[in-house]
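Pasting the structures in now, so scroll down.
There are two complexes below, and they share subunit A, which is joined by subunit B in the first and by subunit C in the second.
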Partner chain A sequence: MPLLSTLARLEAVRAGHARPLATVRHRHLGAEPLVLVPLTTAGEAGAPLGAMLGTDRHEPRILVIPQPRDRDLRWEFLGELARLLMPHIESYADAVEPAERTETDPETGRKTKVEAELCVDAPQIVVPSRAGIEYVRLLGRSMRFRRTAEEDPENPYPAPSQVPLLGRWFTHLAERSRVPGSSMLLAATDLLSRHWATGQSNLEDQHLGSLLAWISPPEGVTGAEWALRMELGRDQDGQLLCPPAGPATDPAFDNRLLAPAIAKFDAARASGGPRDGDAVRLAERAVRKLVVSQMENTWWQTWEAIDLLRTLPPGERTEERWTRDRWSFTGHRDRVRAGEPPQPRRDDAVTAAQKLATRETEQVRLDAQEALDDPLVMAGRRFAGEAFAGEVTEVAMEWSEGKRPRPRPLLTVATEDRPQLADEGGGKVFRSLDGRQQAFEFVRREEDGQLVLRVLDKMGAGREPVAGSVPEKGDRVCWTLFEHDARGGPKLPDPENTPWTHGGPPGSATAPALDAVTDEDLL
Partner chain B sequence: MSVADGTLPPVSSYPPSGPPQTTTLRQRLADLRGPAVPPRPLDARALAALAANPGCGRRALLDGAGVDKTALAAALGTPAAFGQSQFAIVRGNSFEAKVKGDGGAELLRLVHARLGAGAEPPGSDARVPDLTAAGPEGRAARTALALREATAARTWTLLDHPMLALEVAGTPAYLEPDAVVVHPDGRWTVVEIKSFPMIDGAADAAKVGAAARQAAVYVLALEQTAAKLSGAEVGHRVLLVCPKDFSNLPTAEPVDVRRERAVTRRQLDRLTRIEDLAAGLPEGLCFDPSRTAEELTEAVSAVSAAYAPECLAACELAFHCRERSRAAGDPAALGRSVRGELGGLGSIEEALAAASGAGPDGDPTAEALHQAARLRAEALELAAARPPYQAPETPECPC
Partner chain C sequence: MTTAFDPGAAADRATAAILHDTLHGRERGVVVDSPPGAGKSTLVVRAARELAAAGRRLMVVAQTNAQVDDLVLRLAAKDPELKVGRLHSSDADAYDPALRELPSVTLSARPADLAELPVTISTAAKWAYVKAEPWEHAIVDEAYQMRSDALLAVAGLFERALFVGDPGQLDPFSVVGAEQWAGLSYDPSASAVSTLLAHNPQLPQHRLPVSWRLPATAAPLVSRAFYPYSQFRSGTGPGERRLAYGVASDGSGPDRVLDEAAEAGWGLLELPARHTPRTDPEAVGAVALVVRRALDRGAVTSDEQSPVPAPLTPSRIAVGTAHRDQAAAVRSALASLGVSGVTVDTANRLQGREYDLTVVLHPLSGRPDATAFHLETGRLCVLASRHRHACVVVARAGIAELLDDHPSTEPVRLGATAGRPTTRSSPTWPNTAWPGGRRAIPSRAGGGPRIRGRATRRR
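The block that comes next holds the complex of A and B.
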């Protein structure tokens, strides 16, 4: 942890409530985020227990499986989930705006602008915790290789329509969530711990209830006390006051409440009554009530987290990053529409390398943009010697030599920061001028510790610099040692030139085989 | 045998060594446990967890003395939150039964396919000896005999739930692996059957790590038996059997546990420290859970702990230690890395004092904290000077 964040945690311990780690909101929050609270059955992979979802906190859609080990009920659940979620995702697919995309011409190798469609907005899903994101990935994997009855009439166990499609979208969202700064699939705990420091460890911050308790405890209680109650408090029956945010449920809940209720449902069904018979329906309702009791709390907490985030002004550059999410959404929409097969089980070497390169570039971009948007993040970079703020004490006009002399003014800057600049000079530093990056050359360090910088660009084409493009004496400016925009790494070789070590030339890649469905799938 | 055996001392210095000393230590540990409290046997999970926080004297002593930490934690008023859902238990048992069904044919097939090393595939002559006997000692002896016979017989043999004995800090711990397979070439392979899925050939890394640490304890125990037999060798690759993808069909991958084995072995060697730990304790100290919370708190605090948030997932006493650690203002309660960063500043108060400029002169950490505090305050001031942000109205329900 950077020392500045550690300091914030120490302050939080003393204050008894959370302290800010950011002064602006660093993630995009759309007008209509969809909250998804999934629950799963302990010990079973991909056997959901229920889900609560929706864009309106007062009208959640609730799905519960009364017997999670029953495959038919599971298909019913996944079918219903797809029926609720796919219209939401698809509602963003058709509103488009014209945009330009840079493409490399395959023959000349030159980069050209190509007209393209870009969706004006993209769906945004918020789950309670990081485990929720992993669960979305798992559900995606379990659904995307299935086949519906229309696609494969011979299949003895067809999946409900749209289930494979939802699997592909879930996979895409989960993959995208690994890109730093992306906001299509977010975890409430990640959002909160990015913006506030609590007086507990990172590990304990994974608990949504206790994290919220540190940030906004009820009146008259310290965050520390309330967090402890949220984490450990149990009622007289031994049930947690604040059920875990899932997807796993509390073992005490499973053993004492849920298991007997599911057993009753099984017994009611086994006694031969019809599915909608009274006994079965009563038993089903009992399970439903229990499962809802576990999800409800998390549902409200996730919305509370979103509300808290909305109190912060959005960072200036979050919209730019959201545009990248929109490109990602548009790209996947196009792949689905073009009838491409589902994402493979494992990425081939080229795709994996591309994904890693993207994540690296986006991490650099995110680090730079967060610092530029937020003085508190910039303080961390200044502390690390990667940026410095100072007052301009002197401006001397100079010009470059040559036929058409250009302005190259020299600035002297007094700073208390300790940037990592070589004493003998050299290297570039940057500042943000109306959102654009202006470069300076570091000339030398004076004996009294002041820094001498030379302005290099953004001063117009004339002999005299454009007004406002050169800092004036007395101005307080923040420079960074890092560039403000990330540059991608070197281009990867074309598919046909990919060496065998990296999967070889194309043609070897075929559409992934589907998951064989057998009787053994019954859990 | 691996290199580690040549460089490390034998696993435990006392089993064969002078009995009088062992007796006194045993007596001492029994006193610590409480006169009427039976020792809680160490299991593989507890032994493997020792490796997670080797610096903790409290855990080493309590485990070594066979104190029931769950009962102790409850008596201290900070009960542990461990427990397993019966769904997970049922699923685990049914999967294990399926894997071992049909005389272990499927399991032996998996061992042959993954770790067969060119041996003949197991046929109908594969043996599954009966290992039932009275008491853990009897079962351990029965297992040792079965291992001897199987190694001599040179045929595929599956030992279902064998019992292994491992000497830990002077007392034998009895361990029960899911299965051990004896190969025709005399190699022994530990099999771990877990019910978490292996999806597309990969499983959750944390769970695989825990399984590997557990299997390493079995490998250590088996090595002690194998050392007395000629022609026997314990494979350092164990077989992890898990459900394939989302089905109930088993799939298996070999896991190399040499590193975990070396770590656990080193921890077990260091457990001899409990003799020194016990020697340094005041007379009459007792962790009997029937005592009052105050007495127990005092007794527990006589043994130093090394609390870190990671303990919450591994130790029954973690909530108690966390409470004490927080009350003492120990920075480690915020994470091991925080304590590392604060260097010589031993408490949260000291660190905050240093941040306000009242730290020890010339201490680089104190100076860094002071500067960090200056930068943080400046940034927060700047943000506070901004015009207040009006969040766009979110449509609220009128009710």
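The block that comes next holds the complex of A and C.
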């Protein structure tokens, strides 16, 4: 953990409430995020218990399965989930704007600009916790290989329409959420702990209730006390005051309340009454009431988290990152429309390497952009010796040698920061000039500790630098040792050209087998 | 009947077998495991010359620019006639300026300029951008430090390859999570060799059996602790390497540990147990003082090559740390003691380098916790295997307890190579707490138990 975050946590303990870790919001938050609170059944992976979802906090759509182990009821639930979610996702698919995309020409290998369409916005789903993101991934995996009655009329147990499609979208969202800085599928706990430091551990920060307790405790109570109550407080029946944000439920709730209610539902069905008969409906309503009682609190807390984040102004570069999310949404839309098969169960060697390269590039970009957007984050980088702020005390004009001398001014900078620069000079540092990166060479450290830098670029094509492109005496400037943007990696071979070191092309003797369509939800 | 171990003959036999498989073998690849200081670079240079002599167009892949420049210099020194291309990036200081002095070396940022040369050398990162007809043969140096995805990007450039590397050093890593591919044979964050062998288990695998760098006091310990599946021995026998001082001990801790290290090859300077920040001022000061005293006491070394004692200069001493800020703190502590010219760096950057005396700040010294980073035995292995004479470790007491308090609890992943059970301390090194091998088994095919299975569930 960076030293500055540790300090913020210590301050939070002393102050009794959370301390800010950021002065701006570092993630995109759209006008209409969809909140999804899923719950799962204990003891069976991927058996949903219920879900609460919607874009309006006052009108949540609520789905509950009265007997989660009944596969028919489960597919009914997933069908209903798809019926509610797919229109929301698809509503973003048709509003497009013209854009340019860089493509590599397969014949010349040159990069060329290609006209393309880009969706003007993309869906954004907020789940309460990181486990919720994992659950979206799990549901995606259980749904995307199923076939509907239209696709496979012979199948005795077809999946409800749109369920495989939702599986593919869930898979895409969950995969995208692994890209640093992406905002299509977010966890409320991650959002809050990025922007506030509490006086508890990282592990405890994954409890939405106690995290919120630290950030906005009621009047007269410390965050620590309120967080403890949120985490452990129980009523006279032994039920948690603040039910967990899920998807897993509290065992005391499962054992004392849920299991008997489900048993009653089973008994009512077993007694032979019709499915819509009074006894069955009464039992179903009882289960529903219980499950809603567990989701409701989390629902409101997730919205509270969104409200808290809206109090921060958006970081300047969050929109640029959101544009990448929009590209990712548009790309998946195109793949679905082109009739491509669902994402494979396992990535092939090339796809895995490509994903890892993308995520590493995005992590570097995110680290740089957060620091440039936010002086508090930059302070942490300065503290770590990865950036420094200082005052220009002297500017000396110099020119490069050669037929057409170019300006290479030397700056002397006084700083109290301690950047990790080699004493003997060498290496580059960067500053942001109107949003673009300007490079400087670190020349040497003077006897009195001042740094000598040489401006390298962004000074125009002439012999004299363009006005404003060279810092002047007395200017205070912040330089970074890291570059402001990240370069993508090299082009990898196409999957059909996978080399022998990695198993050869698909279909060759040592390559892994392809996925089969399944008639049940193999996880 | 027992015959005395002849290190020279054993090493020659191994080299001959490697070269035979490389030049005449039927398989597309050959893998060579090399312990620290076993003559890996010598092998690479020799293999490069023999492949070039056999008329095979050769590309050499190394991992860093420093490694590439070093190889070019060695090749040029050994064979000034051999035309070598050094493919470099277009950055200003892309290569060592000393290369410009070599008449046999062509420098270029464009692969086309070097296409006709018998040998072309570059980094994996630069090779990944090259589009050209495949080379007949490749030598991949430091293959255990290379990530699987880096190999994927360059493997299309060669028909056959010799992979050389040290399985005991730091594993490649990724700054983002790569758990979703753990256990896949082509996990992009794993080492290139583990992917290669998972897909081509029939490839011949060799090892270099003799460490010419490590003294007789160090080789058995390092071999047992970090190379359980590819044991090696030292090229020199007991007493062939000597470290002595012109000035007698003043009885202080640093002097006593230096004497101990001269005698035993290892020394542990243990400070009182305490939880400290990373740049523990007391430990950093102790490290600097040990270096200062070694120089003040007029340390001299003698070895198999030069039996006449020669003074130990600052350039032959290195200080190794786990973190960069620790290295910076040691540097400034040394400067304030008036010592200059001593190499101070992190384990990552000390890889592949060699010194007479090393002083190591133990990665777990003063820590309240033991994270995967600090437990990585590759890091310890690098720090404990850079020296030709002696290694002094500076650490706070309590590391053994720390290890007991933090049993390794890595999740079990299907298909992933399982870690070796922890053995806490090494019996040959009393009074120390060296975690002898909390390391996943070096990635050799069949090297250890693998857990296989499919997470499926039926109705």
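FYI, the second predicted complex is superposed on the first by the 500 of 523 C-alpha atoms of A that agree within 3 Å, B and C clash if a C-alpha of one lies under 4 Å from a C-alpha of the other, contacts with A are read in each partner's own complex, and residues count from 1 in each chain.
Following the convention adopted for this analysis, a residue touches a chain if its C-beta (ideal position, glycine included) is under 8 Å from a C-beta of that chain, and two chains touch if they have at least 3 such contacts.
Since the model is a prediction, treat every value here as computed from it, not as a measurement.
Novice: Comparing subunit C with subunit B, which touches more residues belonging to subunit A?
Specialist: B
Novice: Which partner does A:499 contact after superposing on A: first (subunit B), second (subunit C), both, neither?
Specialist: A:499 sits against subunit C, while subunit B stays out of touch.
Novice: In the overlaid three-chain picture, which partner chain does A:414 touch, first (subunit B) or second (subunit C), both, or neither?
Specialist: Touch status of A:414: no partner.
Novice: Considering only the touch criterion stated at the top, classify A:201 as touching first (subunit B), second (subunit C), both, or neither.
Specialist: first
Novice: Using the superposition on chain A described above, determine whether A:357 touches subunit B (first), subunit C (second), both, or neither.
Specialist: second
Novice: Which holds for A:385: it touches subunit B only (first), subunit C only (second), both, or neither?
Specialist: Touch status of A:385: second partner only.
Novice: Which partner chains sit in contact with A:45 here, subunit B, subunit C, both or neither? Use first/second/both/neither.
Specialist: A:45 sits against subunit B and subunit C alike.
Novice: Of the partners subunit B and subunit C, which touch A:84 in the superposed model: first, second, both, neither?
Specialist: neither
Novice: Once chain A of both complexes is superposed, is A:96 in touch with subunit B (first), subunit C (second), both, or neither?
Specialist: A:96 sits against neither subunit B nor subunit C.
Novice: Looking at the overlay, does A:7 come into contact with subunit B only (first), subunit C only (second), both, or neither?
Specialist: A:7: touches subunit B, not subunit C.
Novice: Just which bits of subunit A does subunit B share with subunit C as contact spots?
Specialist: Correct list for subunit A: 45, 346, 520, 522-523.
Novice: If you look only at subunit C, which of its residues touch subunit A in the complex?
Specialist: Against subunit A, the touching part of subunit C is residues 28-29, 93, 125, 128-129, 131, 148-149, 151-153, 155-156, 174-178, 180-181, 184-189, 192, 195-196, 199-200, 324-325, 328, 455-457, 459.
Novice: Using the touch rule from the top, collect the residues of subunit A that touch subunit C in their complex.
Specialist: Spelled out, the residues of subunit A in touch with subunit C are 45, 71, 109, 178, 180, 346-350, 352-353, 355-357, 359-360, 363-364, 385, 420, 426, 489-490, 492-493, 497-504, 510, 520, 522-523.
Novice: Subunit B touches which residues of subunit A in the complex?
Specialist: Residues in contact with subunit B: 1, 3-4, 6-11, 13-14, 20, 23, 41-46, 58, 138, 141-142, 199-204, 232, 249, 251-252, 254-255, 259, 307, 310-313, 345-346, 375-376, 378-380, 382-383, 417, 515, 518, 520-523.
Novice: Which stretch or stretches of subunit B touch subunit A in the complex?
Specialist: Residues of subunit B touching subunit A: 81, 83-92, 195-197, 199-200, 243, 245-249, 309-310, 312, 319, 329, 331, 333-335, 337-338, 341-342, 348, 351-352, 355, 368-369, 371-373, 375-376, 378-380, 382-383, 386, 389, 391-392, 394, 397, 399.
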